[in-house]
Structure formats: C-alpha cells, structure tokens
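Shared chain: chain A. Partners: chain B in the first complex, chain C in the second.
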Partner chain A sequence: MSVSGIWIIFRREISQYFASPVAYLIAFAFFLVTGLIYNNDITVSLTVKPTDPAAVPIFLSFGVIFFAPLLTMRLLAEEQRERTMELLLTAPVRDGDIVLGKFLSAWFYYSLLLGVTFVVYQGILIGLDTYTPDIGHALAAYIGIWLYGGAALGVGLMFSATTENQIVAAFLSMSTLLLLWLGDLAGQIVASVELAEFIRKLTLQGHFSTSFASGLFRAEDAVFFAGIMAVTLFVTIRIVESRRWR
Partner chain B sequence: MRDELVITRSNLGQLASFVGVGALLMGGLGWLWAGWLSSYVQIALVIGIVGVALWVALTPREFIDFVSGRRARQGTVAVFSVLLFVGIVGMFYIFVERAVITLDMTEAGDFTLSAESRRVLASLDRDIRITGFYSPARVATRELDDQFFRQYEIESNGRITREYIDPVRQPAIATAFRAQDGDVFISFVNPDGTVDMNSVSYVPMIDRQERDMTLAISRLLATGTFSVYFDLSLGELDPGDMSSRGISIFTQLLQANGFNTQPLDLAQLAATNGQIPMDASAVIIARPQTEITPAMVRVLDDYLRRGGGLFLAADYPVTAIAEDSPFNDYLWNDWGMRVLDTVVVEEIATGPTPLDVVSAIIYDSDISASIDPEFDLDSRTQFRITRSIAIDDDPPVFNGSVIMSSPDSFGETDLDTLARTNDFGYDDGADIPGPLTLVGFSSNPETGGRVVVVGDSDFLTDGQIGSPSGNAYLSMNIIGWLTEYTQSVSFAPTAGVGNVPFIFVDTATLDRIVFGTLIVLPGVTLLLGLGVWFVRRRR
Partner chain C sequence: MIEAKALTKRYGVHLALDGVTFNAAPGEILGLLGPNGAGKTTTMRILTGYMPPSSGTATVAGFDVLDDSMEVRRRVGYMPERVPIYPDMTVQGYVMFWARLRGVRKAKARVDEVLERVRLTERRNSLLRNLSKGLVQRLGLAQALVHEPDVVILDEPTIGIDPQQVIEVREYVRQLGRDHTVLFSTHILSEAEQVCDRVVIINKGRLMAEGKPEALRRQLDPGDHIYVMVRGEVKRVRGVLEKIAGVERVETNGPGFSVRAKKGTDVRARIAEGVAAANLPLIEMRPVAMTLEDIFLDIVGREG
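So, the complex of A and B:
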C-alpha cells in the first residue's frame, strides 16, 4: 500500500461525494434526525431528567446500522456493475490503496457529519449561561460512535466488494450490523451468563453502551472497533484481490 | 437497468462455506477464550463441520478447486491469511482487555473513586466480599456495576473481592442471600474464604454506584458498633409492633443501617439501682404513658453523664411528662429545654388540619440534614397534635432549636377544651405566639451527653414515618447525631449523574435552538444539495 495511491482514491471518492446531491440529502436527513433527538433531550431536561451528553451518539448507535450501508453500498459494487473495477485494478494503485482510499473517504464523510453535530450541539449548550455541559462525557460518546461508525462502514464496504448489486450489498450489511447490534440482547435468550457475556463481547453495542456512552473510554472497546475495521478491510482487500485469480 | 436477485446452487454453496468457516473460527476463538471445549464451542465446531460438508455437497467442483490447483493455492492463502489476521487481532484484543486500560472522561469523575471512598477503603481491617446476582439477561448491568466494583478491589489492595452468581442457575445461593436478580450484597469474609452470612448486607443500587457502595461498606464496618435501646417500661411505642401505630419500620431502618436494637427496662433499672448498659449508644423513649419517676431520672442522668444519647418523643396528652414533672425539671435544669403543656396550632394550615404541623423553620444541622421542603416538598416533616418545647436562652449546656412552626402558629394552652370539644383559638395572654420549637437539642461537650426532644411521636409510627419522607430523615438523623454514627458513615454529595443540573432556559432561547438545529442546519445542507443538483442538471 502507498500513501499516494490511497490519497488519489480518497480524493476521487470525496469529490464524488460532494458533487452528488445524494450525499447532501443523506446529510440533510442525518442533521434532521439528530436535531430531533437533541431537541427532545433538551426539552425533557427542562423538567424530567438531567441532560444526557450522549443522547445523539446513543441514537446513532442504532441509526448507523441503516446509515453506514447507505454510504458504502455503492463504493465497490458500483465499480463492479459499471465494469470500472477492471480499470481501477489496472491503474497504478494497489488493491489495498483502492479499498483503504474508499473506506477513508466514507469514514471522512461520516466524521464530518458527526463533527458538525458535536460542534453545533455542544456549542449551543456551552453558550447557555445557566448550564455547564459535561463536554468530557460528550466527547467520549462521540469518540465511541466515531469508532463504532468506522467499524460499521468497514462491514458495509466488505459486503459491497462481494456483489455488484448495491441493494444486496446494503441488505447484507444491514443484516450483519443488525445482528451485531441485537447480539447485545443475547442474554435474554441464552441460559448461560458466560455465553451471554461472550456474545456480548462480539457485539457493537456491548463495546459502546456501557463505556463510551457513559463517558468512559476503555482501550479494549477502541481496540474492538479498530479490530473490526482492520479485519473487514483486510477481508475486502482479499476479495478485491481474488478477482485477479478467480 | 434493473438489478435481479437470483439464488443459485453456487450461491448456497458459497454461503455454506462462509457459515462453515465462520463457525469453525468462532469455535476456535471460543476454545481459546474459555480454555476448554465447552458445549457452546462444540456446537460452533459442529456447525462449522456441517457448513463445510454442505459446501462440499452443494458445490463439489468449487470445493475441489478450493483445495487443489492455482485457485486453491490462492484461495488457501487468502483464507488462511484472513484467519491468521483475525487471530492476531483477537489476541491483541484479549491482551488489551485483560490489561484493563480505562480513562474516565466525565467532568465529575463518575468512574473514579472519590477521596471519601478511598478514606473508607483505607480503614478496612477485614476482608469484604461484594456478591452480585445477575442472570444472563443482566449482563450489561453486571458489566456496568463491575466497572465500579473492580475499582474497589484495586483501591483496597485486594481486601475487597467480587463474586457474581447467576440466581437462575444457583437458586440455593440466591435464597440464602434472599437475593433477586440484580441485587448486590456485601459481607465480611471468613478466614476460610467463605462469606460470613451473619454480616450479609444488601446494597441499594440506585443511580450513584459509588455513593451506594461506599455507604454500604461504611455501614458494614459500623455494624455492631452502635446499639440503640428502646425503653418499654413506660408503655412506650413498641419497636416490634407492625401495625400503623407501631414503630417497626423505624426499627428496621436502624437495623438496615447496622444498628443493634435492644429492649430496655428503665423501671427495673431504677428499682434495682442498675445502670443503662455501657454499649448503649442511644436510648429511645417514644411516647411514655406513665410518668418518669425521680429514680428513673437518676438512671438516665447517670447514663447521660457517661456520654450517652437520649431521644425523647413526648406527645399529647401530657400526663406522662407534665410541664412540672420531675423529668421535665431535670431536662430544664441540666439540658436547658423542656416540654410545654401546649399543643401547636397552625392558624394558616399547611398540613391536612391546623393540628398537623409541618416544618416551617428549619435550622441547618446534622439533625435536619436532607430536610429541605423548598427543594423537595416530600422532605418536610409533619407532626400530629404536637407539644411545643421551651429552649432556655441561658442554658447550662449547648442547646437550640432544630425545627420550628411558622410565625402564624400558636401554642394552645387550654388543653381541657381541646380534649373535650376539639376547639382551639388564640387567646392573647394565655396562649403562646409562634414560631414554636417542635424539635430541640442539647449537648454537653464536657461529658459528651446528648439529648433530642420532639413534641410528637406519631411521626415515628409505621403509618407516618414515610409520609412525608422528612419524618424518616428526621428520625434517622436524630439517632445519627446522638450516636455520632453520621461521622462514621457518611458520603458527601459530589457532582455526577444524579446531580447534573437541569437546563434553565426561557422559551425564546428554546425557540432559537430549535430554529438553529432543525431548520437552519438541515436547511442549509438541503439547499447545497439542490444547488449541486441544479448545476449538474444544467451541464
């Protein structure tokens, strides 16, 4: 892998994002829904309970299941369907550069949306004379959901590489992410604490809801999300690479 | 062009290969994690083998290609490189997970033990076990709680250990603890490592795990240190009576906080020239029905001179402790306060009737802790047909009022009329104008003796101790102050989840927030998208 190769692909993808009205439409929906969650939390905080600095990230821990596949379904599946993958594979960039460049562009776009919500929403709370928000807690929750999102995008990209059908890629991604999300509830159906704990350790929620969302940064959770990203990207590279010998 | 979804035999074979290899991988990792071939690992391995068998059966050609030839070599390399990579990542994760590296990012340090908790842990001289009961359905709660319990284990240098029990799989142990799913208990540990069942104490986990746990440890350490004696020789309220007129809830509250509760026979001690036991941290006389004789006064005086604590809940009618009784004279002469032959009437009733007196003026002290009706209305105290207490302005000891009635109240002195017709009214010159003392205290710094007098006992009864909550606060605070228990078992409030202030904003500010976050931010994004679409369309 080379940095210049990754950079070329990254720039190409990013320019596609910002030249496409769909990306803005996704951003519009993202801001609208997170805005609703944020305002609901503030309204409830007036009378019922204190504010939750992690309200938006907690919502996104579910929302990302549907949001991430929307961002990634196109990335490799479209290249295959449009038969531009062969062009890419013959370009002077390595397979790893293609995969990593595409992943980083999706993660960058996601980070941008997340960053805007953090700055705007927390900025508003900081600006209130009568309230001091728990920025540390919010920051932990945002770091968590940023890594969580990266892992979800990795899963989405992996399935995008397996098929040329975007719908199938999105469906497989959503199903897998939903399974990884629902796994947190494994304890409701299994009879063994050890098994419930083991399954929980494999889930996305299990590494977010009791740590990042509560304001606690746990290295094991960061490693888990980074590990999911690394594994899915590695598998994706192998899948792309397999086109050369299949 | 429409995308068509066609499922072929090849697709199924591919799916079986993924499931098979995935299950084998999961089983292998599970084996590595658990260290033995558990039934779940075996199930995963069986699924893996079945998946691979299906792969062979559905797409034998691909399988043969997979295991032989160029594609096989490439495929094998790819699969094994993935497996190797997953293994490396998994190993790294297990290594980091066992290293337990955390960073508490909350402003209030919600996940960091406070200096107060560390002070309590530094005073540990016995091993303590935290026993949590969590079923599989509560693994997330267990994980959250464990983050706190782990800190206690670390900060206590291993003096505190933790154990988790599944109440569904081990119901006998759960029954021994009288535990339900999600309950947490602490106890001392016997030299052989088993739980000392006599010391098992329930930890109420509300929303501040640290506060709850540290207080529970403090209570456990204080267990047996404090003994409270209930006198029953004057026909007082019975600590074992579970009716609405009894004070069993008050007794249970004391026991739950680690107090020993014992009966006392003051009359017999007076008759035999006996002494109140040395271990008595406080003596409670709750609504005596017969007069406290001079001999009993001598026993009580001896006890108070030894640094004891006396809680007197006097009440109407006044026969037992009349204004001119020997005990009242003793209280006035030695402790600078006495119970008056009056009943407090609130002219502007704040309780159900003018004779239900709600705390109006509350002086800041340990006895009035948590009683703040302005912040929480339920924390008020409420007395029924209450006698007022006179506080000496020039006392022989340190004394004062804790709770008073409102300035609109008065002390009705015509108790005969009140008893016969329930009539009351302020008579200038005869009645005492408010505010009047309802709860008074005295302490003698030289001897350490302490006395608290309340002009009512109904607030202690099972029917009223929790309604309002301030009655329970007051009763426990009184015992806490008399025995100095409060100094041993305390946890200063710190900022945190439960204390995060609510937002106070006006409607205009709220409207601006809604406009900015729901109209401007998404709106600008949508306009940008429309602009891009328009530019692309023109091209």
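So, the complex of A and C:
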C-alpha cells in the first residue's frame, strides 16, 4: 500500500466531486431534507417534546440508503466505461490504492456534508437561549451515522465495481442497503425471538437505532460498521483485480 | 529492452496468443502487425503489466512483467487504442494526474515540457470533452511520455484520425525512436514500412514473420513481379504471355496483366520479344515492388 498512490487518487476524486453538478445536487438535496427534519424537530419541541439531538442522524439512517449509492455509483463504473481503468491498472499503483483512494474520497465528501449539518444545527441550538443542547448525545449519534455511512459507501463502491453502468450500480446498492435496513423488521415476521435478534444483529439499523441514536457509543457497533467497510473494500479490490484476468 | 518468450494467453477456451516470441533492442521502433483480432492488443496488455500471460515470460527493461510488475509499469508508457479520458478534466490536469501517479518528480515542469512537445500548450486549460479526436490522440501521447519511460507502447495510434494528423502522429513516433524503445501496432502495412525499424507479423495469435521490412520483402518475395500492358484481346495476350519461358503465372490486373516470373529470372526482354513476335503492341511494362501488404496477404492467405 502506498500513501502517495491513495492520496493522488483521492485528490482527483475530490476535485471531481467539486467539479460535477451532480455532487452539488446531492449536497443540495442532503441539506434540504436534513434541514426540514431539523426544522420539524424544533417546531415540535415548542409544544410536544424536547428536541432530539439525534433527529438528523436518525433520519439519515434511512436517507443514506439513497444518498450513499449516488455518491459512489460513478467511482468505478465510470472508469470501466471510459476505459480509464486500463490506464489506471498499468500505472505503478496497487489495485488496493485505487479502491481505497476512491472510497476515502466518497467518505470525505459525506463527512463534509455531515459535518456542516452538525455544526450548523447544533450551533443554532446553542445560539437560541431557550435550549440546552445535549452535545454528547448528538456527537455519539453523529459518530454512529458517520460510520454507518462509511459502511453504506463501501456497499455502493462494491457495486460500482461490478458494472460499467452507473444506474445499475446505484440500483443494486440501494436494493442491498434497503434489505440491510429492512432486516431490522425481522421481529415482525419471524416467530423465534432468538432468530429475529440474530438477524437484527446483521443489519445496519440493528447497530444504530438502539445505541448510537440514543447517545450510546458501543464498541461492538463501531466494529460492525468497520467490518462492513473492510469486507466490502476487500471484495471491491478483488473485483478490480479480476479485470486483469478477463 | 523488450523480451517476450513463448507468450501465450487464453481467454477461457479462446487462444488469443500462442507462443509468441520476439524482442526489441533499445531505441528500436518495432512494428506489431496483424489484422484485427490477431492478438496485438493482448500482447501489449501483457507487456504493460495490465494482464498476466497464461504462460511464457516477458521482460521489459530487464524486469519481469509478473514478478516486478511495478518496476515494469514505471518504465512503460502506454497509449491504448482508444485514448481514455476523464471528460471533466483539463488537458493540464489530466497529464498532471498521470505524471503524479507515475511518480514524476518536478511534475509541473515535466508536464509543461511534454505539452509543448505534442503542441497542446495553448489548449492546456481546455476541458477534455471539448477536444477533437486528433487532439485527444496527442493527449494520449502526452500521458504516455510524461514519465519519460524507457519503452513506449502505442496501440494503433493512427486509427480514426484525419490524414494530416496521421502524418503528424507517424512523425512523432519516428522522433520517439531516438530516445525510447517503441512498440507500435498497426494493421496498415505501409505505415509499418514507413515508421518501423523492424516488424513482427502476427495472425490468430501466432508469430508469422519477423524482420526488417526490406529483408522481409526480399525473403518472402515469391519471385519477380512485372506489370505488363498490351493492347489486344485479353485471352490472346494472356496465351502469349503464359508461353514465355520463365513466366510462372499471369493474372489480369486492371487494364493490364500481372506477370510473376521465377525468382531471379529477368523475363522483361523475353516478354518484349514475345509480344512483338505475336504482333501485339506493348504499351507499358514495369517491375512491381512487393509491398508489405502483398507479403502480408500472402502469409495470412497461406494460413487460410
């Protein structure tokens, strides 16, 4: 693994994000939807209940299913379609560096969007005298959804490697993420409690909604998301490598 | 500089390369000739470290393409048949990206230099999506040269561009031969004759012939070839020509005839006499130099 290879790939992808209208549209949608959720949370807090520091992360635990594939669909599918992959694979960089550089760029862009919502929304709460924001709770929820997003981006990148069609890549990753999300509802259809709990442990929500979302940072949940990232990146690297054999 | 030994590549059951052996000396421009699907691109992809051979070995600048792939990739500049671009990048950004990725020191100065060399300096800030095909081709050369590789591998660099640009690209390739070893694939034989020091002819994954263009022509020339134009009834003229001693084969060729003579026999005087004796006016007679094209058709044809 070479840091410089990862860094060069990472830099190109980041500048690509900032040069493409699609990324700005994604950012716009991201801020619009999280803004509405946040606004609603504050409005409700006037009469019904206190603000929920995890309101935005909780929404994103569903929203990321759609945002993450949009950020990753292009990354490898486009290299394949434009045949730049052939040149990349003849450059003196490891296949792993290419995949890692691209993954980190997507995660960085996502972190940036997430960071803005954190700073702005918590900042407004601090600014309003009537609220005493629970920064600790919010921070845990944000760390959770940050890792959750990383795992989702890993899944998205993996499917981007399998096809040269971005739409197909996005569709496959959204479907997979939706399945991982729906798994949370296993208890409603599975009679055995043990089995339902086991299935839930395999889902994204199962490691977020009852821990991070409540302001709880549990190592096992962090390890779960890190594990998803490691597995999807490993598979992605193998898929890219397999291009050489075809 | 390039040594390929018994290179074999299988895609499933399809045998794309079958024991191809050749080499290229430093500073040599080696032409890789063959019809579409002959295995040219596969050969190049193996030499660039893109894919491993199924069997056989290849070394570039003394490094094995399998064991020292990174060293090989550092020393090879590759321009694929269709130059791949990132449409949203600028000319300069694109060349800079490849320079950095290939570990060029003082990348900025080197990029300026190479853009100047392929005459893209004025277009340095243009987006790649707006470049014409000829300019993209030059850009492809720029990225292949930016890290000053020992070996430059060009896959059909003159395909699909206009004649003026074809001449330009050929000129570049000839210049490259001064300080790089160049492997250049084409299916246009006259091009190989003009540009290459030596050619390797492959067909259906197998090496058919190898050598200097002139030597190949001498070696494979099946005999003297003369073009004769005689006024008169085709059948009769043909009959007269066929009877001349030393003539092996007579074929109609446009308004005249192609006469093949036994190797080393000059039948021109006898043709003139024979035709005059038959009272037929001789309009034109000239020797035809065999082009690589003829040789190639001959070889490929023999293979069926």
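In the analysis below, the second predicted complex is superposed on the first by the 245 of 246 C-alpha atoms of A that agree within 3 Å, B and C clash if a C-alpha of one lies under 4 Å from a C-alpha of the other, contacts with A are read in each partner's own complex, and residues count from 1 in each chain.
We take it that a contact is a pair of C-beta atoms (placed from the backbone, for glycine too) under 8 Å apart; a residue touches a chain by one contact, two chains touch by 3 or more.
The structure presented is a predicted model; accordingly, all values stated were derived computationally and were not measured.
For the composite obtained by superposing both complexes on chain A, the positions of chain B and chain C are free of clash and fit together.
Looking at the shared chain after the overlay, A:Gly5 reaches chain C, while chain B stays out of its contact range. Of the two partner chains, chain B is the only one that A:Ser192 touches; chain C does not reach it. Ranking chain B and chain C by residues of chain A touched puts B first. Of the two partner chains, chain B and chain C are each touched by A:Ser20. Centres of mass aside, this uses C-alpha centres: at chain A, the angle toward chain B and chain C in the superposed model is 170 degrees, to the nearest 10. When the shared chain is aligned, chain C comes close enough to touch A:Leu87, but chain B does not.
After overlaying the two complexes on the shared chain, residue contacts for A:Leu46 are found with chain B alone; chain C is out of touch. Put simply, chain B and chain C get as close as 6 Å, counting only Cα atoms, in the superposed view. Overlap of the chain B and chain C contact sets on chain A: residues 19-20, 245-246.
If you check the complex, the residues on chain C that touch chain A are 11, 45, 48-52, 70, 73-74, 76, 78, 80, 82, 84-88, 93, 97-98, 100-103, 143.
Of all residues in chain A, only 4-5, 8-9, 12, 15-16, 19-20, 82-93, 244-246 touch chain C in the complex they form.
By the touch criterion stated above, chain B contacts chain A in their complex at residues 3, 5, 30, 33-34, 38, 40, 70-71, 74-75, 78, 81-82, 85-86, 89-90, 92-93, 96-97, 99-108, 110-111, 134-140, 142-144, 147, 164, 166, 168-169, 497, 500-505, 509-510, 513-514, 516-518, 521-522, 525-526, 528-530, 532-533, 536.
Residues 18-21, 23-25, 27-29, 31-32, 35-36, 38-39, 42-43, 45-47, 49-51, 116, 120-121, 124, 128, 130-132, 134-137, 139-140, 165-168, 184, 186-188, 190-198, 200, 206, 209-211, 214-220, 223-224, 227, 230-231, 234-235, 238, 241-242, 245-246 of chain A are the ones that touch chain B when the two sit in their complex.
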